[in-house]
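Next up: some structures, all given as structure tokens.
Common to both upcoming complexes is chain A, partnered first by chain B, then by chain C.
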Partner chain A sequence: MSFDHIMSVTIGGLTVGMIYALIALGYTMVYGVLKFINFAHGEVFTVGGYVAAFSLLAMGIDASTPWLKVAGAIALALVAAVTVPMVLGFLIERIAYRPLRGRSRIIPLLSAIGVSIVLQQLIIIIFGPKPVTIPTLALSSASVSFLGVNVRVLALVIIAVSAALMIGLTYLVKSTRIGKAMRATSQDMEAAEMMGIDTNRTIAFTFLVGSALAGIGGLLVVMYYGSLKYDAGFLYGLKAFTAAVLGGIGNIPGAVVGAIVLGMTETYGVSVDLGFLAWFVVAGLVLGLYVQMVRVPNRRLAHIAADRRTPEYERSIMNVYRLTPYHGIKTLLAERTDALLSVSAVDAVRLMAGNIFLAVLAAVMFINSSARIDTRWQPVIAFVVLMVILMFRPSGILGEAVTEKV
Partner chain B sequence: MEPVLELQDVSMSFGGLKAVDSLSFTVRENEIVSIIGPNGSGKTTTFNLISGLYEPHSGDILLKGESVAGLRPDLVHNKGISRTFQSLRLFTNMSVLENVLVGMHSVTSAGPFASMLRLPSVRREEKAMYDKAQEILGMFPGRFSGPRQHQPAFSLSYANRRRLEIARALASDPVLLLLDEPVAGMNPAESHEVMEQIRMLREKGYTILMIEHDMHVVGGVSDRVIAMDHGVKIAEGTYDEVANDPQVVEAYLGKRAADATA
Partner chain C sequence: MVQKRTGRVLALALAALLALSMFGLSGCAADDGGDGGEGNGATGEVETIKIGVQTALTGPLPDYGLAAKNGVELALEDFGTFEMNGTTYEVELVVLDDKAEPTEAAVVAQTMVDEGVVGVIGSLTTGATLSAIPIYYENRIPQISGSVTGPKANETGADTFFRTCWNDAIQGEALGVWAMELGAKKVVLMDDNGAYAVGLADVAEDTLKAGGVETLRQNCQSGDKDFSAQVANIKEFGPDAIIFTGYHPEAGLMRKQMVEAGLGDVIFMGGDGIRSEELVAQTGGNANAEGIYATFGGFPEEQQPGYAAFAAKYKEKYGEEVGPYAQNNYDAFGALIAAIKAAGSTDTEEIIAALQTLSYEGVTGTFGFATESDGAVAKGDIVVEGLTPSNVPRYVLKDGAWVSAQ
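After this line comes the complex of A and B, so read on.
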């Protein structure tokens, strides 16, 4: 495992992660204000990519086009890849979601799936079923030396552009008038209305921003991979949605973190040797042991009623978490224990099982340290990671935006 | 004095329950009018009708002579009616200061592009908003000073949340301020303080319609009192008149008890 290889895998993972993030932001923002998943969002991304590709094709650029003209063409493609998805997102909300607002949550969800199918068919009808391919541009194949490693310029552009957009979005949501209106709407729509906020407009604006970001994602994907298929929105959408859930749905920084974790995981998973990957499992194991030995028991100790708070009792709780042969196992086998102890024992067994699994996994990986996971497993890796993280943190890495109720 | 708010025979029911029944009353400029009445008598529903959350089934609601009945809540707010909530509805994840700034939404205009570009007009507006927010929060001495303004609203004490609701409602300089039980859950010292603040608001020229159970506060600030029971206005007048009205006593104590005291 050379440094160069790790470096280029990292940049590759970050690039994919940033693209997921651009799409994931749309899912998470809409979830924030409407509390439902806009499943048509993946198709909005595809439309952005198609519109961008066809704009580039229409302008007839290829590898020999002078760079100024290429830059102009990309700028125009960008405008198209932003405006068309924006109009589309706006119309989707207006036609398919707004009339259903206030109904039970399954109804707009069905509507979203319907819109997604309609859009996919429309893409086939309008653009044809074959993938759209753009000519190789000098920009797409250019590479630079970055920290001694050869990196595609486009990867760095994608990372930089996405990062800038995310900073812009954070500023928009945190500090501007419309951003405050968005946050107020997402917390309590009725109260926001009674405080003078036109929530319909705020929601429409949320769709506009989310769709613009997805459209830019579409353009970047087309330029990076050179082609796009009509059903690309399905897998990209699903992964971006996964990323949003992974980071904590409704949480904007969470979507970015989730997307980067997902992009990195699936790229690392199939691009580096097991021996290297095993170190990540070891890191997970260290975290797992910390959770089992320190974090969870301390939280439990804090719940002990004052009149039972004897050193012996505290020690037996700790022993359960460490599953020391005497106390831990005795507690598990005892027919009657008090509630806190038995809850702790179940907890401890669960945590310990997880940690043993991680230890075995790491050992197996170290033994086969020069093997690699077949690329076909890539989507599987991503979803296994999702499930594992959500098992231990149901609210996602950064958690859903917390709303404390009175 | 010119009427600011006028309810004309307003009715509203939930299913078969008449929550508000042919209710008529007027609030004049710079007046403080209190609505009292037992639990479930339709007071909050009246506020919800005025602020546009519900549309009256019949009757009309006029703000300065212009009908606002059935208007969308945000448009009602734009016309100058702002309110607080009995069951606190702050934006709990936003800071104290942000809650007040959100309250200014309808009296500010910065668009998304201008905001992102930080045009001079936006900066001027933000500065003005900030100063105004300081002025409003300053009406609650010592409660929202310095770093406390940047704490999330959920971290506030109960009484401070009530104060912040008032501050948020004041942020748009409303023509009419609706306060739904502003001292509920406060101790006597705290409610006395809020009472002083309500008096101060009148001196500043505000017109206030208030729902309150605390008779000390009602008696202390009201120019007029309206009593409701089962959605119907059963009495109106000065605090003393209403408090001694046999129908009001009956509504609160039940018929027998009322006869016994008579």
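After this line comes the complex of A and C, so read on.
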């Protein structure tokens, strides 16, 4: 496995991840404010892509068009690909969500799924079921040499745009007036209204921003892959939503981190050798051992009244976690009445089992270090990693935004 | 404000969604057409014989099922009344629906036996056929399917099973042979995880390995857009050719991404799933599509001797274009009647013997059935005059159109 290979896989995974991120940001913003998952967001992305593709086609752009004209056309396509989804997002919120606000949470969710089905059908009716394709442009196939590896310029553009938008959004939410209104609306809609915030306007604004991001994503995907199908929004939406949850839903940097983790897992999982992947498992093991030996016992001790924390007692608790099974079990039997007993024993066993599993896994991977996972497993690996992360961190990698609600 | 449970609820919702998304759809390719007909006579007494039509009018493939039924009914008009040994025979169809389910197919097969049919046209799908074959075999009833293309359909080698459509294995072998003729020493096989594509790729891989060619297997999912992991793996492997056995939407994107990764010189080949002119746009234009190779299972429609006449008749009767495998089912019925006449008897054992030596001029060509399994050709497979595994139709993309590469 050469350096070139790792580089191209890394850049591929990063690009896929950043595309997910653009869509994930829209999910996470709406969730942050409304605690509601806008399942129609994937379709808004598809609409953006179709609008971009048809604008480019309408302007008669092909491989031989001079670059200045191409740049102009892309700028116009960008305007269209942002405007149409914004109008669409605004209308969806106004028609399908606002009248249902304040009802139980399942109702707007169903409405969102309905909107997504309607939009997908509308795309088929208006644009037809065939995928839309655009001619290869010099810009979209241009590549530069980066550390000896050929990288498509567009991949770098996608990575840069996503990163810039993430920073911009964070600024918007944290440091502007409307951002403050969004955070207030998120924390307590009624109280925000009493403070004179027009929550309806704030929510509409959130949808506008989210939809604009989806539109930009649509344009970039069409330019990067050269084609888009009417149902692309479903899979992209699903993966972006996954990324948003993985990173901690409602958390803007979390959406990007989650998207990168997902994109990288999908790509790395099946295209690098097990010996290389094993180092990620080792990193997980180190983290697991730290939690088991330091964090959990310390947290446990902090809960125990100071007068009972004799040195012997502390040692016995540490033993439970440090996995000298004999010591641990003996201590547990001796201290049967203690709060430590049931819960912490289960914790200890679970942590131990988890760490032993990781150690065995890493060993197996190192033994078969030149083997590679079959590409058939691609969706499975991403799913397993996702479940493992959520099992140990239900609120996502960076956590749901808690105090400073987005 | 934030409940701890949100994370867990989200994780659950996510798991459910991902599970749903795994029910991917996979399809099956369609081809071929035909004709052939003889007169009917009338003397003396009239006798009615029953012929079964085991198809799937409900279930996942109702369009295929209906086309099969239409094809047989059209054949009934043409061949349904015939004279033999001074007796006029009239065929009565027994149409039963097995929903393309193996369990249902066994029930249907038993019902056919109880109805006393002299032969069966069907069933529609490979899975259903597998469970019907033993029942027809034990009861010595000839069975001709016009749409089962799966290489495994007749793995038991029952002498009662015949088919008038091409076994996918023949195309798989043809692809492997072609790649070797082109001088490939290292070949990548890539499928989309669907039954059709996997079957084709398996056979092609076996053929290549038997010829001493080094192979690498890759997969994707139908609907995937990004193949950076696969492209990186392929680049590292350094093949001379890639055989993509899925369908054109993924094939086009795969080719485009390979060209962008500097793998434009690798020979790109596929089966009839990619032999669509849609492929050109999906690869990003003529520059990328030029020189892609494809095979076809059996004669393509425009080369089938009786197709034009059949299509006109079909359209007149049903008011629509020919459905998938309709002409193969038409030929199946025609061949069965021809075998009855050749046997000069309605005794099923004699009909089976007649089918084995039959040469029938149908819509899809003049054909007989293989009496023994030989390489990619299984027992009971259609053997078309002028077509052998080393001689299946070959095409190459030139200026955006498929032209013969024989």
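Things to note:
The criterion applied here is as follows: the second predicted complex is superposed on the first by the 393 of 406 C-alpha atoms of A that agree within 3 Å, B and C clash if a C-alpha of one lies under 4 Å from a C-alpha of the other, contacts with A are read in each partner's own complex, and residues count from 1 in each chain.
Here, contacts are C-beta pairs under 8 Å (C-beta built on N, C-alpha and C of every residue); 3 or more make two chains touch, one makes a residue touch a chain.
In this text the structure is predicted, and so the values were computed from the model without any measurement.
In the superposition on chain A, contact of A:Gln187 is made with both chain B and chain C. When both complexes are overlaid on chain A, the residue A:Pro394 reaches chain C alone and has no touch with chain B. In the superposed pair of complexes, A:Gly196 makes contact with chain B only, with no contact to chain C.
When the two complexes are overlaid on their common chain A, residue A:Ser227 makes contact with chain C while staying clear of chain B.
Look at A:Gly168: by the touch rule set out above, it reaches chain B but stays clear of chain C. Greater residue coverage of chain A by touch, when chain B is weighed against chain C, goes to C.
Applying the stated contact rule after C-alpha superposition, one finds that A:Glu266 touches chain C and leaves chain B untouched.
In the overlay built on the shared chain, the residue A:His41 is in contact with neither chain B nor chain C. Overlap of the chain B and chain C interfaces on chain A comprises residues 187-188, 402, 405. Interface residues of chain A facing chain C in the complex, by the touch rule stated above, are 1-2, 5, 8-9, 11-13, 15-16, 35, 37, 62-63, 130-131, 133, 135-136, 141, 143, 150, 152, 187-188, 221, 225-227, 229, 231-232, 234-235, 238, 241-242, 245, 249, 266-271, 372, 374-376, 378-379, 383, 386-387, 390-391, 394-396, 400, 402, 405. Residues 168, 171-172, 175-181, 183-184, 187-188, 190-199, 205, 401-406 of chain A are the ones that touch chain B when the two sit in their complex.
On the side of chain B, the complex with chain A involves touching residues 51-53, 72-74, 76-78, 82-83, 85, 87-89, 91-94, 98, 101-103, 105-108, 110-112, 115-116, 154, 158, 161, 168, 172.
The touching residues of chain C, counted against chain A in their complex, run 1-2, 4, 6-8, 10-11, 13-15, 17-18, 21-22, 193, 217-221, 223, 225-226, 228-233, 235-236, 249, 252-253, 256, 260-262, 278, 281-282, 284-285, 287-288.
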